[in-house]
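Just below is one structure, and these are the notes that go with it.
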């Protein structure tokens, strides 16, 4: 069982790293949102690992369901913003969003 | 008394549900609903002040909420500034369109922040943080123009990563302790006094990174200088004055002073990051031409002060930090609302084009002076006292270098803010602005309220500290 | 054994989502990865979470993605660097390596499994223990609804000008 938990943990972390890689390097806004979703998938796996570790699947299920709803609303808002960017810039390239330098 | 907590929580969401109908009735109906929905929580919060010491709890169909001194302090901050911003917005939103939706989203944000402060469960804290954050992403982009949408996208992407980190931290804590509620967690993690388990150290690092980003602490600050200026003025005021405090500072405070066991390195990290933010924020603010951008960098600097106060860990430092949270919310939102008023009338945020505005906009000018003196730490305004406490706390903890730096940055802040004030409001009136009028009544009312609060809090600092700040600081001290 | 297969498939599909050139393939890849994740959840008895993952992530989010891709078809898609995607195999190996190191440390840092008290059924947890979350989720959905209608309201503005 411990091995399975570590495996879940490992895959979750891997997906999170992959997602952050996408967020750092990619330019197309839609791909960036896919990156956020990939990170979320990784987090879901980590949730599962934590729940198995504590042997309380019911509890962690509730957290996962809530997290999925957060993820969905976030995705919807992000995609709405992307459509907004498209309207103004006519492009989905994040390099164009460089007017403000931070 | 307990039911007040229920009202504070539920009035904003109920107003959100009613908003579409109010909108259909007319702008006046939406305005009234919004102002009442922001005002009632404030009233209830203020009435709860005397009772907070007795540890009130509230239960809503099985959901547990509780109030203590720390929550109360932040609640006052949130609802006072939200009320002022809501009043301000009744005028300001006219040129944005979508009045009802704006109020609804702002009320959602207020709900998220209030609920964050009243919950006693770590995952619920995260959930309400996301509620407030999602509302803020849309509100930053609300103007639907280039700046707003661009900074909203960047803000959102960075913030999404930050909250993921926080979530991983929460999971690590859960795995170590088996529960997510504050009190049982603190008990479970107290440990036998031995070395802190690796998992908790990792969780601590993740919390600092994640909540640090929400608090705009350097080096996690990159989203703020873009997001705050591009957002509509009442949203900038809420973001800089309130959201970074609750979503960032309060969360850090709850986690590190109430849940995780004492970790010496964390203290040092707070001091280091705080000093970095304090200095770099002030220096970068000096070089800005855009008034709101300068205010944004200044927020980073002031958060640095707060973090230093927290890192010092002694009573003076904590009182100073918490009092500064309170004060900064008041004067920063005041300054942002005024910058919004100037932009509303002039159509630009470029300082170089302004000048002599106080002749045409006397209320805005006068209240800006109040705000400037407060942020620069000039007595008897409120900023002086909170900065003084932090500096005294630094000396008491033997951190003379930090104390000196804090004083120097304060003087520097005073310097460049006075320069800005002169450039914008005093001096020769630029011909272009010969015919502009003062800001609309609602906007002026809001800033007058905030300016009065700055002065009164400063003059009566003793009562404010005794009544609200000290009880909160004592709770934080006792938690270790 | 089954777990290895499922997780391997999921990682593969996610890498696919990173690598495909056509955005529709990317969206579908992500949808399938979500479906496999739902399978993993079912495997451990987290049925309700699995159903949510399947219907909402594999379903609703994919629909949102595909609609957005459709709405933004006629724009400059942003030049993907060949390098960004081409490096993926190498980067993947690096990440797996890092991962193994972290797991080694974690295996040591984790105490052995603690038999928890168990919280009873999902229903009990969701409706009773975590009812604060329900309030949060309701308001969250309200935020989403108002948010999207606020972001799309330009149409109404444009119509007014006509």
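All chains are identified by letter, namely A, B and C, in their written order; residue positions are counted from 1 within each chain.
Everything that follows uses one rule, which is that a residue touches a chain if its C-beta (ideal position, glycine included) is under 8 Å from a C-beta of that chain, and two chains touch if they have at least 3 such contacts.
Keep in mind that this is a model prediction, so the values were computed, not measured.
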Chain nearest the global centroid, as defined over all protein CA atoms shown
B
Chain separated most widely from subunit A, comparing mean CA positions
B
Whole-Å gap between the CA centroids of subunit A and subunit B
27
Which integer distance in Å separates the CA centroid of subunit A from that of subunit C?
6
Provide the C-alpha centroid distance between subunit B and subunit C, rounded to the nearest whole angstrom.
31
Junction residues of subunit B - those touching two or more other chains
123, 127, 130, 134, 137-138, 141, 144, 175, 178
Numbers and ranges of subunit C residues touching at least 2 other chains
110, 114, 116, 129-130, 133, 136-137, 140, 143-144, 147, 151, 154
Residues of subunit A that touch at least two other chains are 29, 53-54, 56, 63, 66, 70, 73, 77, 81-82, 84, 89, 94
Residue ranges of subunit A in contact with subunit B within the complex:
16, 20, 23, 29, 32, 36, 39-40, 43, 46-47, 50, 53-54, 56, 63, 66-67, 70, 73-74, 77-78, 81-82, 84-85, 88-89, 94, 97, 99-102
Under the definition above, what is the set of subunit A residues touching subunit C in their complex?
1-2, 4-11, 13-15, 17-18, 21-22, 25-31, 33-34, 37-38, 41, 44-45, 48, 51-66, 68-73, 75-77, 79-84, 86-87, 89-95
For the subunit B and subunit A complex, residues of the former touching the latter:
123, 127, 130, 134, 137-138, 141, 144-147, 149-154, 156-157, 160-161, 164, 167-168, 171-172, 174-175, 178, 222-223, 225-226, 230
Which residues, counting only subunit C, touch subunit B once they are in their complex?
105, 109-110, 114, 116, 127-140, 142-144, 146-147, 149-151, 153-154, 156-157
Of all residues in subunit B, which touch subunit C in the complex?
9, 13, 16-17, 60-65, 97-98, 101-102, 104-105, 108, 111-112, 115, 119, 121, 123-124, 127-128, 130-131, 134-135, 137-138, 141-142, 144, 175, 178, 197-199
